[in-house]
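Next come two complexes, and both contain chain A; in the first it sits with chain B, in the second with chain C.
Entry: the complex of A and B
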């Protein structure tokens, strides 16, 4: 029996191999190799490309701890990640619920399309559009002043809220999509059963709908939190004076001073911190899922 | 597609690509420069190709460090490279560029003596860089916010402009700007603490850190800023081509000047073509057309500047002998200095958050 099972699984793997191979080959070439090179670089004093003598060092990692600057920024970036994730839940979850359980047919397709639409435009274009909307004398400012009887001055550009708005807009579709999938999978008869047993709307939400859609919420939160913590384009363009974050500092090391070793070390510290956070949250996430 | 066919296909693709790469024949001139910086103007390339019969192949870099890396990792690929004079020394020391026989360049004798004889470009009596254009990092103002243009750099600290001041997001430029504001030599900053204090007090004034010409022009167009650091060529372009209310201010305290030059990399396969291209780039005819059509920095060729109209910005303002006395040319910066400047700049940006 056991031998039979083993051959079966082996032949299963054999037939799966041609299907898996392209993906794994791609992962190895496009992700694993460059990432290993970056790990290697992060322990070097100089980039070998620069033609200067180089040696192994822990100095790049020590640099993180020697200056309060990096820790402050890492904290700011983690907070940014949390806030953006939270706003994405607040905005995305109800939308996903409506899509999955309220709308049907054509109207669902239309709304779905609107949710996905931002994905079809280039990220940079979206950010620059926000810049036009948010600035003083911009679209939002002009439109509100045209409607409102009193004069208000809206200049959100180059501020922390602008960064949050830009990032939430970019990432909210992830939350809608992941929550939509789990919400749609909830059997309507469960909801009907709850109703017939006399549960109020709030109780239904707390006891049935949220617990059952938790995997989607968690997946969406992770998908959003991780890239937002390392984001640099949105803060740089929308944040102005307040737009310095951990991601922008890493970008500076790569682009401005060509200090790849330090940039790589800072990136891996970020990766480690994110992994630790996810590991700490894992028991909770597993229970939820 | 079955396996052998796929392999054959992939091999064919690989062979084809490598043939294309190797086909870089001698009649091609491979040029490495910033994108949109004169050497890649279609009309200029067309004129050069028509005159010489050689084909120009442009490649670009986004930072000086990237340019050096491209030279290091592709020996023999490039024939002409544009290097900021402050980096010429490093490129020569790493044996990336070769001496240039200036007797082959008919326009070389017209280059102003102080630029052609710059110790940053000439080493051991040999010329490693042909001066092309120079410009300033000075101040520019939104004309709508001023009745009379300011004359001092301290205007950046004026309370009246709080939240309407911009500075470029560049550590070296910021630190050198601070050095000028504290009356120091930009190439030999003795009192770094003073620079730090001065810049710290500037930070609350700042609206944002700009990074491209477009940023700056957009902010002026929507009347969001009053004053900020800006490049001389860009200020000229903003005024003459985009019709924006921008004017350049060269403060009495001084301004940072930079010099861009052309070099020939070691291993160039087409030195003759490279010499012809460099000679064309410093030619008055090309320069006048560049200024008129696109807007450009100041040519190092005195004849080229004289070919401009009397009242041209690059001739009238930049050619003013009084300006020449105030400006300080950027000298080479070591990697350690660059990293120290970045650390200081990042600290300032974090403190103001």
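Entry: the complex of A and C
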């Protein structure tokens, strides 16, 4: 029986090969090769293509540990990732709940469109429009001063909150979408059953709805946390001098300092740290999913 | 435990009148079936009693206390859903415990009550399982245990046996009836299955287009339906239409049909007579006159369906097909195409005013 099963799955693999091949070929060419090149670069003293003499070294990795700056920045980026993820949950989950369980028909479609809209606009345009809103004399400042009887100064530009606002705006749709999918799968009769048993809305949320939508929350959190930790565009444009994070330092190595080997090494350290965090969280995530 | 009074309840969704001035009295401890085709308003009525939805007008009282504006979580009812609606993230025991634990009962009390409820539905050993590890019938029992463990005033069941296969459904009918008797709870049961309604309930309410068509014990509705709809929806009935003579009807061809059951109508109006297929005797010839079975019609067998313990004959007569069910006694088998005489008694004939 077992042998038969094995042959069956092997022949299944054989027939699936033509379907799998294009995707894996593409992944090999587009991701694996450049990534391997980067691994290679990260152990170089100089970029081999620059014409300068180069040699193998662990110095790029050692640099991370020898200077507390990198560790501080990595810590700040992890904190940023955590904070943005939390805000995305706080903002995205209720929105997903309303979309999945309260709105029906046309109004749901309309609100859905508003949620997805950021996806359809260019990231850079999004960030610069936030700059217009947040800066002194910007849209928010002008609007508030037009309404309020006293003068206030709203200048969020080049601050930590501005970075948070920009990142949350960029990533909250992921949370809405993943939570929407799991919330929608929860049968309405479960909620009615809970109510018929005397549960308050809060009790239902805590004991049935949140546990059942955990897979969506976890998927959304992973989708948001990982890129936010390495983000550089929002911190640079909206954060200004306060917006120095691990991601912006990596970017500097590539576009400003042209120290690709160090940039590559810093990237792989980040990758390793994120993988370790996900591995540590895996048992908990698996239980939730 | 308590009775339920529904008085003049109406509920519209847009232009659609889902419930139209429905009044029905569910006595304490009774087992009621709300029967009707889909869209008849039976589920809407159940949801009004449960408190998931409020009536536009009218009163609903549970145990004499007006509850028509009380939300479901404050009504102290137990409800079993068609798809069971068990919480998939909890064990069987936690599902059953849910109603007690949201109320803040002590852990020890919860544990013993849950065990008692699971024993009652004969699932005492499966408390640790997850809902997805149970069969349909077992899930149904868990849903029932969860609904009754909180000692609700009324038990409401929304087509609870609809998703089960035939054999299991009959088992669950008996089981449900036993449990209901044991705890003596007022039970209201929504179904579109007439057999289920007949076998299980003390009283049946038939709904159609948001109105209560007829309400009473199963025997009464079956033997004395007040409308053609009630006659044909609950069981099978042959409907003969004509003009009333006061004591029956006269068919288009002049044949008189005597009716001793049903409405009293003034002569001359349009009316119909309903007779159940199993009340009709069928024979190849007229034989000697039969005083007890005074209604006589002649026709031709167009089709015979043999079902083991009985046979159904379809008899053509004056453009109408009449249905006759005959117990299989081993004699009197009639062939298709044969001329036959149908006889039945006036007591088995129900006079119904034209609707």
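By our rule, the second predicted complex is superposed on the first by the 288 of 289 C-alpha atoms of A that agree within 3 Å, B and C clash if a C-alpha of one lies under 4 Å from a C-alpha of the other, contacts with A are read in each partner's own complex, and residues count from 1 in each chain.
In this section, contacts are C-beta pairs under 8 Å (C-beta built on N, C-alpha and C of every residue); 3 or more make two chains touch, one makes a residue touch a chain.
Since this is a predicted model, take the numbers as computed values, not measurements.
Per the definitions stated earlier, placing chain B and chain C onto a shared chain A by superposition produces no clash, and the two fit side by side.
Legend: residue contacts after superposition of the two complexes on their common chain; A:187 is shown touching chain C, with no touch to chain B. Of the two partners chain B and chain C, it is B that touches the larger number of chain A residues. Contacts of A:113 after superposition on the shared chain: neither chain B nor chain C is touched. Vectors from the Cα centre of chain A to those of chain B and chain C enclose 150° in the overlay, to the nearest 10. Using the contact criterion defined above for the overlaid structures, shared-chain residue A:197 touches chain C, although it does not reach chain B. By the touch criterion defined above, A:211 lies against chain C but remains apart from chain B after alignment on the C-alpha atoms of chain A.
In the superposed model, A:31 lies in contact with neither chain B nor chain C. In the superposed pair of complexes, A:69 makes contact with chain B only, with no contact to chain C.
Residue contacts after overlaying the shared chain place A:13 against neither chain B nor chain C.
Per the superposed model, the minimal spacing between any CA atom of chain B and any CA atom of chain C is 45 Å.
Contact residues of chain A toward chain B in the complex are 49-51, 67, 69, 72-73, 76, 135-138, 157-158, 236, 239-244, 249, 252-253, 255-259.
In the complex of the two chains, the chain A residues touching chain C come out as 187, 189-190, 192-200, 203, 207-208, 211-212.
Interface of chain C with chain A (complex): residues 50, 52, 71-74, 76-79, 81-83, 85-89, 98-99, 102-103, 146-147, 150. Those residues of chain B that touch chain A in the complex are listed here as 62-63, 65-66, 68-69, 72-73, 94, 169-171, 203, 206-209, 211, 222-224, 335, 338-339, 342-343, 346-347, 349-350, 352-353.
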